[in-house]
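Next come two complexes built around chain A: one with chain B, the other with chain C.
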Partner chain A sequence: MTITIDGKICSCEKGEKLLAVARRNRIPIPTLCHHESLPGQASCRVCIVEVVQQGRSTVTSACVYPVEEGIQVYTNSDRIRRERGMILALLHKRAPDSRLIADMCRIYGAPELNRVSVSLPGKCILCGLCVRACAELSVGAISTVNRGVTKEIATPYHEPSAVCVGCGSCASVCPTGAIEVTETADTRTIWDKTFPLVRCARCGAPIGTREELDHAARKAGVERETLCEHCRRRSMTDVLAAAYGD
Partner chain B sequence: MQAEMDQILEILHRYPPEKRHSLAILQDLQHHFNYIPREGMEALAEYLGCPLSSLYSMATFYRALSLKPKGRHIIKLCDGTACHIRGSVNLAGGITRLLGIGAGETTEDGLFSLELVNCLGSCALAPVMVVDETYYGKVTLEKLPEILAQYREGAAE
Partner chain C sequence: MTRTILVCCGTGCLANGSLEVADEFRRLIEARGADARVECQVKRTGCNGFCENGPIVKILPDDIIYYKVRRRDVQEIMDKTVAEGQAVERLLYRDDGGRPVLHQHENPFYAPQHKIALRNIGAIDPTRVEDYLEAGGYQALRMALEMTPAEIIEQVKRSGLRGRGGAGFPTWRKWQAAAEQENFPKYVACNGDEGDPGAFMDRSVLEGDPHTVLEGLAICALAIGAEEGFLYIRDEYGLAVRNITAAIADAERHGILGENVLGSGRRLKLSVVRGGGAFVCGEETALIASIEGSCGEPRPRPPFPAERGLFGQPTVLNNVETLANIPVILKDGGDAFAAVGTEGSKGTKVFALVGKVKRTGLVEIPMGATLRHLIFDIGGGIQNDRPFKAVQTGGPSGGCIPAHMLDLPVDFDTLKSHGAMMGSGGMIVMDDRSCMVEVARYYINFLAEESCGKCTPCREGLRKMLEILTDICEGRGQEGDIELLEELGHTLQDSCLCALGKTAPNPVLTTIQYFREEYEAHIREHRCPAGVCVKLTSFRIDGARCRGCTACARACPTGAISGGVKQPHVIDPAKCISCGSCREACRFDAVETEGREAV
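Now for the complex of A and B:
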């Protein structure tokens, strides 16, 4: 089937999400909480677009909207620019320390909000992507805590988590870089817990925390990894070279 | 300590170990202990095989659940618009003077907890206060000591 996005006719399949179709056709729609591997978060609302169907227009989040035959989509109408600007302005008030959001505010023409005060410093927009990443890829060490204006992302009882493996999945998916990770030569600290880093048995490059490697090995039912990605590939080519000769 | 753990396990085993029962179990724990002890949270996570973080998220989300011990009698003082205008703030001050606790706190003897709530839907009775299940309407500072005394005596029986 086909849909029209900003006047461009795009072919797509039933069940596809509008954002995916737009991206494939190189039509830019800004997002914050969207991640290719963890789709459907739909909490930042930055990806709103206008969908016109049978003469009726609605504003919806492109990341979770399943396409329907013949819809007309406007990603940059006056209404969208105004509403997206307001959403970004509010996110900026929520996360005043995020450079990314400040830049997006400038690019998308967000209004200055003088009547809303900044509650707390920080970069977190509470999109929950880190919580999803931890639950699905790792161990579920973090969650949203409290609600309303006191809502935050934290470990249970605000203590260093008993189960966290220090993999850093949460920090790597965070759109605003709100989760602090510090690394020294042989430790990584995240969520107030410090983990020893394991080094590659061959080249000595750090390959991850011991807990993270153990967790991955347990999950996959294999021995704990001892080599870095580079050396693993090299050792494999060595094996192949030995088997097949030069 | 062991007795508490036995009680926790008894509550957990009222339900099959499925995640959909987590809220019901948390409510039962709250009801039994007047709060949810940490041991209860940890035992429940193990029983359901779910992360402690997801239970913690739930326990901090719902007002009906508390992670700190609550008093035997829970005073809900309405601070909705109507009650606010009718002086609920003065009543909160009155309770603080009488019991020495502010909103969200519990007396040292564990008898009373004070909660400020947003609207109890009984605006005609403003300012309204609910102790346990009993509604008190058109409460004044003068009536406060009398109302609270009933629960003190009740506790002494």
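Now for the complex of A and C:
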């Protein structure tokens, strides 16, 4: 079936998400809380677009909207530009230290909003991607706390988590780099907890925290990894070389 | 002969001591022994909806109804009414002309009402399934067992019933969509998470007629092919939780629900889930998340719950009042139900009429009645005969409707086209001493606290709207604030994830639309025309009007008012905290307000 995005006719399949169709057709729609591996948040609302169906126009978020035959989509109408700008301006008040948000405000012409105060210092936009990543990839050590205007992301009682394995999945999916990870030669510190780093048995490069490697081994039902990715591949080639000769 | 004494034991009457009254009746009846000429029984009923006049006692078959009954009145009622059939005049309601009203249906509060959802409440003992059966209960369920799902849905379609929880979505369409799914198990759920300040119709139904909700839910389950259902009830409604839980157990014991529904071989297992206290859990996807044990946050739709709801399975979620209409629709037929109401909104609606009206309470009237009828005929007009200013319909995310629109018919579409909404049926009436900016600020504050915080515009937008509104109320408003509030409001309406956020700006946008000059007075003149905003109001006593009755001086919490008896009183501005107690106390309209420069 086909839909029209900004005047361009795009072919797509039923149930596909609008954002995916737009991206395939090189029509840019900004996103913050969307991640290819963890779709469906729909919390940042930056990807809003106007969808016209049977003469009725509605605003919806492209990342979760399943396309339907014959819809007309406007990703950059006056209405969308105005509202997207307002959402970004609000996020800038929420996360004034984020370079990404500041840049997006400039690019998308967000209003200044000098009239109102900055909500909190920091970079977190509360999109919830880190919570999803931790729950699905790791152990569920962090969650949203409180609701409404007092909402935040934290470990239980703001104490170092008993279950966190220090894998850093949360930090790596964060769109604004709001989660602080510091590494020394032997340790990694995240969410106020410090983990020893395990080094590759062959080359000595750091391959992760001990808890993280144990967690992965338990999940996969195998022995804990002792080699880095590079050395693992090398050791495999050594095995193959020994088996099949040079 | 036999006389039945119905003692209202809804939450309001209980708080006023109705349990004592009921016990006293029982005690006196037992004390009389068997030789009494008149046999009598006492029943504790659900809420009669006229709570401000509780405890309410009704005597049948004489149909004499008493208000504000205390334990000390019981002996007299026994001697006169129960024994002789005579009325105790001092306990009767007085109508607007001061005449005593003997019967409930003659009371101006009840007379215009048309009860469908509330039909049994006040007439039966909610803790006795026998009472419900005697009132014709579970007959509709028996009928439904003989019908095909399509036939059941057809009747609901013909009735034109739309969801009473707020959105007004046609009930049959939800049922149809879930019935079409080939994915089992399916679930039914009842939304009893009534969270609007001032609304209590769902509580009243759950407390006063729990079996009706169970029957409606059971019929829905038959229509879509579900064998399991949940009633999500807010935990603050202790009596509702208790009565529904007991009703489920009773119905199972009588073979009405459970493993073998009325001997049909069908199964329906219902259970109660107690809400966690979040307003947003009234939103269906948030409610589903909450039942599943997750945090009560909405998720994007589609997929709609009819397709993927509870535990990922097809689910129909209906409001309490919606379900209470279902047994009547099946029993009397969809067409009979559709004969009441307007073209687009069929049947009746229960409103919680509260605020500055003379008579407050639960009112069930046909859709399409005017606001004027509701507020002035049923509500008896504004307290102290002050001018009517506005009515907030549909709870915190509804809108404020001004005086010149009093003749609007109340139905889903009319209210929506005027920026308000039916919502769950809250009607908060305001007089000329309500500041519309403060009203908007109050609601936005409520919503900012109750927002789940998942999506940006709701969480951050409400916070900023609250900041601006607070500034305006405290004299820090700026030029451009009204326009910024409108801009933020429109962004929220369009881009929020769920209905809470999308409707949250309604109080602000409607008060700006209808009372813009009040915002302007706050911002430009630092003046609150209604004399409510403390920092923008100072009080003064008009010496010519003051009779020196000392009422204001006695009401003043800071001792700021001086003056002898029968002498004009004076307010000391240095001590005055602008609370307005003196103005409330004055019976001669001598307390005036004026703007003052923001401090």
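Please note the rule applied: the second predicted complex is superposed on the first by the 246 of 246 C-alpha atoms of A that agree within 3 Å, B and C clash if a C-alpha of one lies under 4 Å from a C-alpha of the other, contacts with A are read in each partner's own complex, and residues count from 1 in each chain.
We adopt the following convention: a residue touches a chain if its C-beta (ideal position, glycine included) is under 8 Å from a C-beta of that chain, and two chains touch if they have at least 3 such contacts.
Since the model is a prediction, treat every value here as computed from it, not as a measurement.
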Item to complete: Kindly classify A:Ala135 by the partners it touches after superposition: chain B alone (first), chain C alone (second), both, or neither?
Response: first
Discussion item. Between chain B and chain C, whom does A:Gly40 touch in the aligned arrangement: first, second, both, or neither?
Written reply: second
Item to complete: Quick one: classify A:Arg147 as touching chain B (first), chain C (second), both or neither.
Response: both
Discussion item. For A:Ala178 in the superposed arrangement: first (chain B), second (chain C), both or neither?
Written reply: neither
Discussion item. Which partner chains sit in contact with A:Val116 here, chain B, chain C, both or neither? Use first/second/both/neither.
Written reply: second
Worksheet item: Looking at the overlay, does A:Val163 come into contact with chain B only (first), chain C only (second), both, or neither?
Response: first
Worksheet item: Is the number of chain A residues in contact higher for chain B or for chain C?
Response: C
Discussion item. Contacts for A:Thr155 in the overlay, against chain B (first) and chain C (second): which applies, first, second, both or neither?
Written reply: first
Worksheet item: Same chain A residues contacting chain B and chain C, which ones?
Response: 143-144, 146-147
Worksheet item: If you look only at chain C, which of its residues touch chain A in the complex?
Response: 278, 280, 295, 299-300, 302, 448-457, 459-464, 467-468, 478, 480-481, 484, 487-488, 490-491, 494-497
Discussion item. For the complex, give me every residue of chain A touching chain C.
Written reply: 40, 42-46, 48, 59, 61, 64, 66, 79, 82-83, 86-87, 90-91, 93-94, 113, 115-117, 119, 125-126, 128, 143-144, 146-151
Worksheet, complete the sentence: Residue set of chain A touching chain B in the complex reads 131, 134-135, 139-147, 155-157, 161-163
Worksheet item: In their shared complex, at which residues does chain B touch chain A?
Response: 38, 41, 50-57, 60-61
